[in-house]
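Each of the two complexes below includes chain A, the first together with chain B, the second together with chain C.
Right, the complex of A and B next:
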């Protein structure tokens, strides 16, 4: 019986559920570092007074600058110091650091530090940063705030737009969001008294890559830094880039010769960790008479904050938008300009889905608006435009492997019973009160990014491959060492299922070692939707090698042909017979009776493998049902349906967990969460009273159905799905909100669709003046 | 996120508490459920030098009814108002009746989340004086009286004088809030409460409470109270809306007219969670719905 495909329980959970996990904050025994952060968005640092370390101390130790690079002519290269030097560029930028015996004492010390900063005008929002004469974020390096700009057009775009039967224009905007991991960032460094080796425990996603960059900055050999990611309480991309603070903590522990820890608090996390997704899309789309999308022209701008992130850079959002905007549709003509615009705000990192939640919002709003304009049903317009011949090559050259775009949508629509919904909606419109709406979103999720996909980005370092090492010990248990760095996804469980099937053992006899540079092969950690594809693929290949070693050994012991050996249920058996030997006994022989091995065989049982595919596309259809209260603008979620195709499911329960969490974040993005700055660049959302993640009350049950198109794009047949929930949900929700209020003439293309924005859209549609004059909407709707 | 240094004392008696407050004056802060004070200290928005914890003081968590008045002890936790019960003079506990008896649970469920409702206290909420706090709106709308003790003196402060501005009340640093008196509201009253918040358990963006007394003979409104929170530094009474209601017969049209008056007479200040114009819209909706709810409850 196969272990792959079964929803076995996660080995990760018991410790976490019993409060027995070990997070950075649980390590203890260290002095507390506290960063003194800029209170202004832009300014010149005249002096720092008080008991603090500053950039001058780092400079004296010849600590280097972070260089996050894209090798593109349109990219502005910068050298970023670990603490602000001369200039501060956002509220929350670290300027100095203090060290106290406890966190409270460090906070007291930080209060004593006096920052003498001359404030300068700040460019805060996208429009402000793009305006002529805008204050520049990096005046010595760039004459504008545009830090990266990509442009492309297929030949014939202009003609196609000109000849279109209908042109639909649309502007959509996405508010700034925070990934908001439950555990904020943190690091803990101990330097050995003799030999000077440092161990860094940090709440991060890519320990090997972080080791490299910190060693580059501090000028130390990588062999002298061990980086461990212990239990990590969520990351979502926010813990992928180098945190300046983590590098400073390593420096402090080496300089002071004592253990130093920095545990980020929630306000710091909201203010000065990484943000994401502040984007604006202007679309001009040409449709033919039968509602086929023929040509799309887009202008994309992303507010990428004050600094790039290492190693992904601030190109990640705008350039992903450029490359992936055509989405799951078959359009032929495409042109785009996409810019990353610096501003005096917190820097950006990738956040689950990266640009795709916004890309998808843009496309899916476009489809619904075009459908209404052309008198076609929202389902029908998608049916006519979704890819169905595979492989499909997009106008930007992306190759889509086989997917089920239409099938997923048809299944989702029949599952929700659209006809019954419309009847209910019709009745509610007549009755007044809360208005039901339904929204559909179809999308593709590019997953399993390997080296080829990253190489196309021309980053200073090219992530991609994953390596694993697999060995069987004399007791017959298997240890799998991976370069990926799971942090809650259940990867250990899923990989143990793959190993168990290949070597004929039980997942309970597989141990996975991860997230420790001393104990694992170099790898890129866990980010994007890639661990199952990459680490899973490498595990599968290594497990096959180990199986073949066991097969040869069993053949020798059983005096049979290696091809006839079957590994199952902990035994190696000669096919078609009951002749066999326990795998555990083979493991003993391989280590303790090597005289019985075939001549020339290597003692022991171990294998290693790497995997580095080009990538693959998952797909899904999301359907959201909402109730919208036109009087308050309040939106409540009624129902959420996902039909997902991520290829072969290794552990369906884990896949569902990934989808559910992602959808919850997507709903949050659509309705609740927004980082807000005032015009001077002061951040207003620095606590969870103001930055609003959903509670369980705001998230409906999420119904999940699966299609399993097994792709030849990966060796396991599995595709990634870690980001899909987040990608599809915002568009489904906004389409539903618009559908609910369509009869009032509302069009709302901004997320989050806060109650105030929804209410304003209702007012705007009614064409009435604001603030109580002649507003009759309350009277029209019977009160509850 | 760690509080500044403070000294801590936990008296066992009201007298001990009053002594401590007297001694430390404005350097001291009373700690009740800690659900507002502790977060403020962690943000270092509050830096009391001395914490006077009243968690061990007996006799502050009673509820009793007499002469049409409910007396709620300052240390009664929010959760107890979800199933309000009073202790009779002979020591029995019985459910609180009257219109207030059905209104309190309606309101209590909006206060935070369960873990907050089992720690946070009625008196703490009143003394904290958040302008959107449900209990403050209720106290203002029903003209509650706050009973304050200091060494050698007691006074009752009417709600109209008690709430001065955001997080600021008429309580002197030496005074301890010991109880709040609320009218039980007889059967001729109709009360309703409605609030809009961003998420379950959040403070209201705007909340509205209405209570009207009907003339038994005519069914016309003899007395009306309309209170809203989330539009000013304190919960406010809306005299215009009240005047619109008095003398008229309840009904959808009258409710809409009163709601419109209410929206017109507030002068909200906008913030992150709602502009002035939006808050005015919410006042209209909340007042209309509270009135409808009250009218519905009668049938």
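Right, the complex of A and C next:
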């Protein structure tokens, strides 16, 4: 019986359940670093007084600047110092650092540091940063705040829009959000007194990449820095880029010759870690008389904050939007301008789904609005526009492998019983009070992409492949060393299932080593829904090699043909016979009786493999049911259904966990979470009283159904699914909120749909049209 | 020179945690969470916000779930404190709640898990027959960023239904 496909319990859990995990804050034994941060959004640093290290100290040690590069003509290239130099550009930017014996002492010391900063006018938010004459974030390097801009159009776009039966125009905005891992960031560095080697433990997603960049900055050989990601308490993209603080902690430990730790507090995390998703989409879409989407023109802008993130840069949100906006639809004509706009706010990093939650919101609102305008059912308009011939190549050249876009939607709609819902909704319309609404969202999730996809981005470094090393020790146990760096996903368990099947052993006899540059092959880490595809693929390939070695050895021992050897249940047997040998005995022979190996065979049992596929697309349909109170603007979730196709599921329990957690974040993105600045750039959401992640009270049970389309895009048949929940949920929820209030003429295209925004939309609709019908948008052109 | 106030002077504190006595010295401003983690070496109690919202630092104080980030160590003298390290048996046998969280996939990164376990233990020990709605309300005290909560609720309900807590 196969281990792949079974919901076995996670090997990661017992330690975590007993409080015996090791998170970076649990290591201890180090002095505490505390960063002194800018209290103003923009200003010139006149002086720093007090017991602190500043950029002058880093400069004296010839510490380098971070250069997050895209090799594109439209990209403004910057050199970012590890602490502010001359100028501060957002509230929370690190200006100085103090070191105390304890965290409390370091906080006391930080309070003694006086920052003499001359405030300057700030550009806060997208509109302010794009306004003519806006204060510039990097005045020496750029004459505007547009730091990256992409543009493309397919031939015939203008004609297609001109000839369209109906034009639908739409503006979608997303508030600024924080990934908010429950464990904030942190790092802990120890430098050996003799030899000078440093070990950094940090709460990060990509230890090898972080080692490279820190060594580049500090002028160290990589062999002298060991980077370990111990247990990591959630990340969601926020722990992928280099944290300036982590590099400073390594520098401090080397300079001071003592262990130094920085444990970020929640206020710092909300203010000065990374933010995401502050985006605006203006869409102009042309439909034919049959409601086929023929042409789409988009203008996208993202407020990417004050500095780029390394290595992904602040191109990641706008350029992903450019490339992936056509989504799961068979659109032929497409044109887009997409800009990354700097402002005096916290820098942007990828957050679960990156741009796709907002892309999907834009497209799925478009479909619902167009459906209403054209008198077509929301399910029917999608049915007519979703991809069904594979492979499908998008207008931006993305190749979609086989998926189940339509099938997933049909199954979701049939599962929720739309007819019964409409009857209930009809009754509620008559009764008044909270109004039920239902929203559908179909989407694709690009996952598991390797070097070719990253090379197309022209980054300063090109991530992509994953490597693994697999070995069997003399006891017959298997050790798998991976370059990926799991942080709660359960990757160790899932990989052990793949190994067990190929080597004919039990997952309990597989140990996975990860997240330690001293003990694992170079790899890129865990992000972009890639680890199961990339590390899983490499594991599968390495396990086949190991199985082949075992097969050859068994053939020698059993005097049979290697092709006839079957590995199962810890034994190698000759097919169709009871003649066999324990794998553990083969492992002994391979190490301790090498005279029995075939001539020329390498002693031991080990294999390595890399995997670097072009990528694949998962797909899903989400359906949300909500109740909306038009009088209070309150939205409550009643039901959430997911039909997901991520190819072959290695461990369905883990897959469902990824989906549920993703949907919960998506619901919160849709309804609750928003980072708020005032006009001067003061951040108003620096505690969990102001920034609102969901509790169990806001998240319904999530019903999940699976399709398993096994395409040839990956060697295991598995596609990624780590981000899909978050990608689809906001659009499903916003469509449901709009559906609930459709009879009032409400149109709400902004997330999060807070009570304040829902009420504003209800008031706006009442002001537009007392009868509240049909006049769905003030911006729409008439149907031709 | 910084003035030294009475609040800066460490005082002897005796904490009873999981049945063991810890004799420490702590400044009056030191929180129970910091004392547990740094002075007692019990790092299973986690700090997610340090302002009483996330509940990752939840421990039991005389049987009641409390935020250890909002209590001072000096306030906790004389109380019976229980932390996640005390849940499993001395022989390593997992507590029914730990088993249930494992079985139901009630954790991913595991950072919130000790807080949810102690919250659940406190709730089920005082209200073994708690209803579904009340249980959901009680569990809304703490934050989890990974699971979407459903499997946590299922895990705690299964322990309640089996009468095991």
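Just so it is clear, the second predicted complex is superposed on the first by the 767 of 784 C-alpha atoms of A that agree within 3 Å, B and C clash if a C-alpha of one lies under 4 Å from a C-alpha of the other, contacts with A are read in each partner's own complex, and residues count from 1 in each chain.
Simple rule for what comes next: a contact is a pair of C-beta atoms (placed from the backbone, for glycine too) under 8 Å apart; a residue touches a chain by one contact, two chains touch by 3 or more.
From a predicted model like this one, the values you see are computed outputs, not experimental measurements.
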Query raised in the report: Which of the two partners, first being chain B and second being chain C, lies in contact with A:151: first, second, both, or neither?
Result: neither
Requested in this report: Using the superposition on chain A described above, determine whether A:118 touches chain B (first), chain C (second), both, or neither.
Outcome: neither
Requested in this report: Figure out whether A:265 sits in contact with chain B (first) or chain C (second), or with both, or with neither.
Outcome: both
Query - Touched partner set for A:182, first chain B, second chain C, both or neither - result: second
Query raised in the report: Looking at the overlay, does A:676 come into contact with chain B only (first), chain C only (second), both, or neither?
Result: first
Report task. Check whether chain B or chain C contacts more residues of chain A in the superposed model. Result -> C
Query raised in the report: So, A:684: does it touch chain B (first), chain C (second), both, or neither?
Result: first
Requested in this report: Using the superposition on chain A described above, determine whether A:14 touches chain B (first), chain C (second), both, or neither.
Outcome: second
Requested in this report: Identify the partner contact of A:569: answer first if only chain B is touched, second if only chain C is, both if each is, neither if none is.
Outcome: neither
Query raised in the report: Once the shared chain is lined up, is A:697 touching chain B (first), chain C (second), both, or neither of them?
Result: both
Report summary line: Contacts of chain A common to chain B and chain C in the A-superposed view 102-104, 108, 265-266, 687, 689, 695, 697
Query - In the complex, chain A residues that touch chain B - result: 102-104, 107-108, 265-267, 631-634, 672, 676, 684-685, 687, 689-690, 692, 694-695, 697-698, 754-756, 759-760, 770-772, 775, 778-779, 782-784
Report task. Write out the stretch or stretches of chain A touching chain C in their complex. Result -> 9-10, 12-14, 16-23, 25-26, 28, 102-104, 108, 112, 180-184, 231-234, 236, 265-266, 487-490, 653-654, 656-657, 660-665, 687-689, 693, 695-697, 699, 701-702, 725
Query - Touching residues (chain side chain B, partner chain A) in the complex - result: 1-5, 43-44, 113, 196, 198-203, 205, 252, 255-256, 259-260, 263-264, 272-278, 280-282, 284-285, 288-289, 291-293
Report task. Would you mind writing out the residues of chain C in touch with chain A in their complex? Result -> 2, 27, 29-30, 34, 37-38, 42-51, 53-54, 56, 83-85, 87-88, 94, 98, 101-103, 105, 107-114, 117, 136-137, 139-153
